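First, the structure itself, so that you have it in front of you.
Think of it as A, B, C and D in the order they're written, each chain with its own count starting at 1.
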Amino acid sequence: MKQLISLNVNGEVCDVAVEPNKTLLEVLRNELQMTGTKEGCGGLGQCGACTVIMDGKAVNSCLVLAMDARDKEILTIEGVATGGKLHPIQQAFLDHWAIQCGFCVPGIVLSAKALFDENPHPTEDEIKTAIAGNLCRCTGYAKQKEALLAVAGRQGKEGEK
Amino acid sequence: MRKKFEYFEPETIEEAISLLVKYKGQARLFAGGTDLLPLMKQEVVSPQYLVNIKKTPGLDYINPDNGKGLKVGALTTLHAIETSPVIREKFGILAQAASKVGYLQIRNIGSIAGNICQGYRCWYYNQSHDWRKFWAPCYKRGGDICYADKGAKRCQNMVLRSDTAPALIALGAKVKLVGEDGERVIPIKDFFEKTGNRLRGDEILTEIQIPDQPPHACGVYLRWSPRRALDYPVAGTAVIMEMDTENSLCRNIKIIFGSVAPVPFEVDEAEDFLRGKKIDSDIIDMAAQIVRDSVATKAIKFGDHSADYKTTMAGILIKQSIEDCLKLAK
Amino acid sequence: MSDAFSVVGKRVPQKDGVDLVTGVGKFIDDIVLPKMLYGKILRSAHAHARILNIDTSKAEKLPGVKAVITAKDTPRLRYGVAQIYDEIRDEPVLTDDKVRFYGDRVAAVAAVDVDTVEEALDLIEVDYEVLPAVFDPEEAMKPGAPKVHERFYKGDGVHGFKECEVENNICITKRVLAGDVEKGFKESDVILEGRYTAHGQEHSHLETHGAVAAVDLMGNIKLWTTTQTPFTIRRDLVKMLGIPLGKIDVIGTKCGGAFGGKNEVTVEPHAILLAQKTGRPVKMIYSREEEFIASTIRHPFIFYSKIGVRKDGKLMAKQGKAILNTGAYSNHGVGVAYLTGAIFATLYRVENVNYEGFVVYTNCTYGGAFRGYGNPQMTFAIETEMDRVAETLNMNPVELRLINAPVAGEKSACGILVGSCGLKDCIAQAAKTVGWENKWKGWETR
Amino acid sequence: MKKRGIGIASLVHPNSVRYYYDSEGSSCFVKVHDDGTVSVLSGARDMGQGALTIVAQIVAEELGVRYEDVKVADSGGTEELPDDLGAYASRSTFISGRAAQVAAADAKQKLFKVAAKMLDANPEDIVARDRKIFVKGSPEKSVNFADAVYAHMYDPKYTGHTLFLMGQSSIDVEGSEVPTRETGYGNSFCGNIFGSHVAEVEVDTETGEVRIIKQTAALDVGRVINPMGTEGQIEGAVLQGYGWTLLENMIWEEGKTLNPNFLDYRIPTVFDAPEVQVVMVESHEPQGPFGAKGVGEPGMVPVAACINNAIYNAVGVRFNELPITPEKVLKALKEKEEKDKAKKEES
């Protein structure tokens, strides 16, 4: 039966009644209408589209029970741009055309943000490690690497074209 | 997820155990969730009671126990292990193995105990309810067929695809299992049986105990998977070698393979062959041959990878890891 | 880029980039309407079987279930991807006589939430008579092989549709014929033959297929879908549901990748039928598994190639037989079979061409449009053969290709006007960029 | 041992095939507002390839305003949007893009009548660029784009009316035809794009793994409308081709897919992505907007072939079956070894 829990999402605490068998992803999308977080693989943790940041770490919201998200700080794509300004990662994605269909982008942005919050100047390999669990079928990842290397203050292998 | 369950968050391990006892057979222990949740969504398992110990205190720690090795709490995340300074310094092979699992988001919530206790996998067994519902249940599900090997008399194809298990076996680790009649500590190499691990329905794996390694011991975990991330190993090997660096003699060596057969196994023949030998490329080639011969008898086809290919990869991985050990020893 | 322009050629960001990078953009599964129901499709239990009976009573009694539909609730029209000639209509909205592959659609359910829908699907009882199935297209073409379709409707785009028998599971044979291949082979110094096979591929767009349908009291239909071709989808819906075109408004949501896979209709008609039956909006979203099992894929492809070439490298004749495994339904098979032939005749200049493309039914997942539309399969064969030719003539592969590259203004053997053609430049520039001359070791090293 | 090799393969691909309907139609509306901004209703469908962006660039260029001045409706239905066959066959830029250009030109030509009067020059002597309309050759003789629009709408002294400004188009491709049924003869390609890829691969002769070191894709793109978009299309297509050739393996048993998920059906991750260098060869496609062609599909077409040729160049084995898995590579290498041995023994 449903239980009333409170979740701290993007700095706002909201109470929501959930069945214990619902995941954070299901609650974000269906109960809180925060549809920026996507489901791509059927909630099996195989695509990274549902990535959110929980207590500073990137996690698959499809592999977290809503019950386990209590008293944790959750950041979703809706909370990344603040003060009416895009986050540098988001700006870089725009500037480098690192977006095509954009379905995987919220997840990748959050994977990247978790990395940059810990390590502002990651290497190309650290960047790859951070987004290795985020599948993208459109871009071939090239522009996404470019964008993130730019944020890290490094040039891509071939640098800017 | 469709199937509902009754949900518990025990405050203590004892309480958790009592719940497991009370609902024996119908309850599942829930820790990281990266393995169990997908199984539940696919309705491969559908527990009526879920005992979530994620918030249960006293299960998340990495304690160097000087002189007596290292104690790792069951709930320690794989990411905590791959980044732990003490583990990287003294038990590097475990950090390597943990760092290979899935991808970062998985390692951020996946626990070490979960990676050890994860379900054995099979391409037929690990399908969704919709995929399976029109097919007769296989042996593993109480039926009388193995889809991977239709002639077989019993389940043939379940494979433990854990990265950390082979590394821990090589390290000679022990696991502490706590159940209704007290606790037992068993070597992790005895923990895995062909049909599943030895965890009883009422038991919780609470701690991994890793003994200190002899001086000059260096370990390497290597794995091969078709994709460079987001993949299970097709073959993984953990090697710990004690070198007598002056005259590059191999004092002692442990060679464990994972994922090629249902459970991880040690290749004693290769170990005996290498022990006390001066390691050069010819010796390594011979060792690789011994490994291939041994693996060939145990390897099984999994999904789109044949037993032969796994055997080939085993030979390549063992060479590579011995060479890497030599580099480390220098 | 040229400065003759102030906007064209400039690196400006996407118009909808901000929506996408902030998660604001609405994809199909992000659409929620008041009183919206959720729908799902019951799929086949077998690769090939006759449906004897469908009992939906248990499912209908399940609390929360608002509608269950089967073939009898559909207009029972067959549809297919529109072609001017050779349009084939073989695909039902819900299958009534038999199931032809594991993804085939037996029934559809609408209920108050996804969990209830899934429960209901498990409660629908279908009696099947299992039929022998065929999966290898070359087996399927043999006389006496199991028939995936006994008959279908064939149109010529002018006189409407007539029902006709399907022989040896061959849905259609497309030909591209030019010149005289026998003559061409006679004039050749070298003749090479080969057999090529290419496998299927799933589009794997991160967003799965989906649609939301809403019907008002006037019978006007609003259909939100993630399609890449809203106007074509509207036309298809008219064909399969017999609804007047003016009644349907197809609204494209943000599309999470398509690559050709969102060319064709998936859940749109079912969502409409369920919305009509319940009077409530209905959302239907494919699961990832349905994408693999029930949505279209790149056509698995078998190709028998025979090419004749002169000592100096000039292509004299090309003969090819393509076998496309179109699976249970023709879908884009006809177009793909034609395009592969046109490519075969056009990629390099040749006067004499004899191409036959067989589109063959099997009990596999069906083929559709996928980035390249048969071209990657065909080019895999052609360009591998070209290298074999180069080796046989001990010629630099780049040189061989330059010799046979068409130039602007000419017409290919099958009448394709080669408009602006930078092929020679492309070959030259690609080779120059990578330093081909230094890197390519020559055949003798092999 | 790791051996490197290089292989080339070319492609031709249509920008739409005249096969579905005897039409390759597209249409577009352009509304010009009196502040000089523009709203576009286009039938083009954006599925991530950037069609709306390309349409906006084309309209901005044609009208002589800035990119940021142009809005493109991206959430309309078949009720309000002008008809278009949709986004397939690499036709969006080529056909929908040209429909946008023609609609913009229609509005511009109306506007120029007014601007010409304002500048007292001949309409055919004036040009618009970057929010200014001026006489060719003498930019100092100019009027603001927005002022001209305002005059067109509210100042009767120019046209005798006060007319809102909009342009429209409904186009088809010239000179393309449906092929005959008997011989498949006919100019069915509305436009065509050519290209040539070179793959540099590394083959591990022990594991059988094939790795693309670098893929160079030279494509005749006609005219590049947006370099980032063009590169993105080709980079993405190459990775899909790479996946299809080496990684993705659809496994069927009795018609049932055994790996219907992203774990066992392996689409490439960022670690699998090779370096892709895009070389844009510009020609001029008379029917494309500003000479542009569509590049959606072509990047995918020759990938399998040039990987296959590069493998042969590296280790002397050639495949006639996809996918090229490590197991197949090892098997082929073994067979080659035995053949070579047999040859030696003969001689």
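Throughout what follows, contacts are C-beta pairs under 8 Å (C-beta built on N, C-alpha and C of every residue); 3 or more make two chains touch, one makes a residue touch a chain.
This is a predicted model, so every value here is computed, not measured.
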Using CA atom means as chain centres, which chain is nearest the centre of all the protein shown?
C
Could you please state the distance in Å, as a whole number, between where the Cα atoms of chain A are centred and where those of chain D are centred?
29
Per the C-alpha means, the centres of chain A and chain C lie apart by a whole-Å value of 33
Express in whole angstrom the distance between the two chain centres, defined as the mean CA positions of chain B and chain D.
47
Between chain B and chain C, what is the gap in Å from one C-alpha centre to the other?
42
Can you pull out the residues of chain D that are in contact with at least two other chains?
47-48, 50, 226-229, 237, 240, 249, 256, 259-263, 267, 269-271, 277
Which parts of chain A, given as residue numbers and ranges, touch two or more other chains?
40-42, 44, 46-47, 97, 99-103, 132-133, 135-138
Which residues belonging to chain C are in contact with no fewer than two other chains?
11, 13-14, 16, 26, 204, 254-259, 287-289, 293
Touch graph of the chains shown: is it line, ring, star, complete or other?
complete
Can you check the complex and tell me which residues of chain A touch chain C?
29, 33-42, 44, 47, 49, 76-78, 80-81, 86, 90, 93-95, 97, 99-106, 109, 135-138
In the complex formed with chain A, which residues of chain D make contact?
47-50, 226-229, 231-232, 235-240, 261-263, 267, 269-271, 273, 275-277
Touching chain A in the complex: which residues of chain C?
11, 13-14, 16-27, 29-30, 32, 203-208, 254-259, 287-289
Please name which positions on chain B make contact with chain D in the complex.
103, 123-124, 127, 131, 224, 226-232, 303-306, 308-309, 312-313, 316
Would you pull the chain D residues touching chain B in the complex into a rising list?
206-207, 247, 249, 251, 256, 258-260, 262-264, 266, 268-272, 325-327, 330
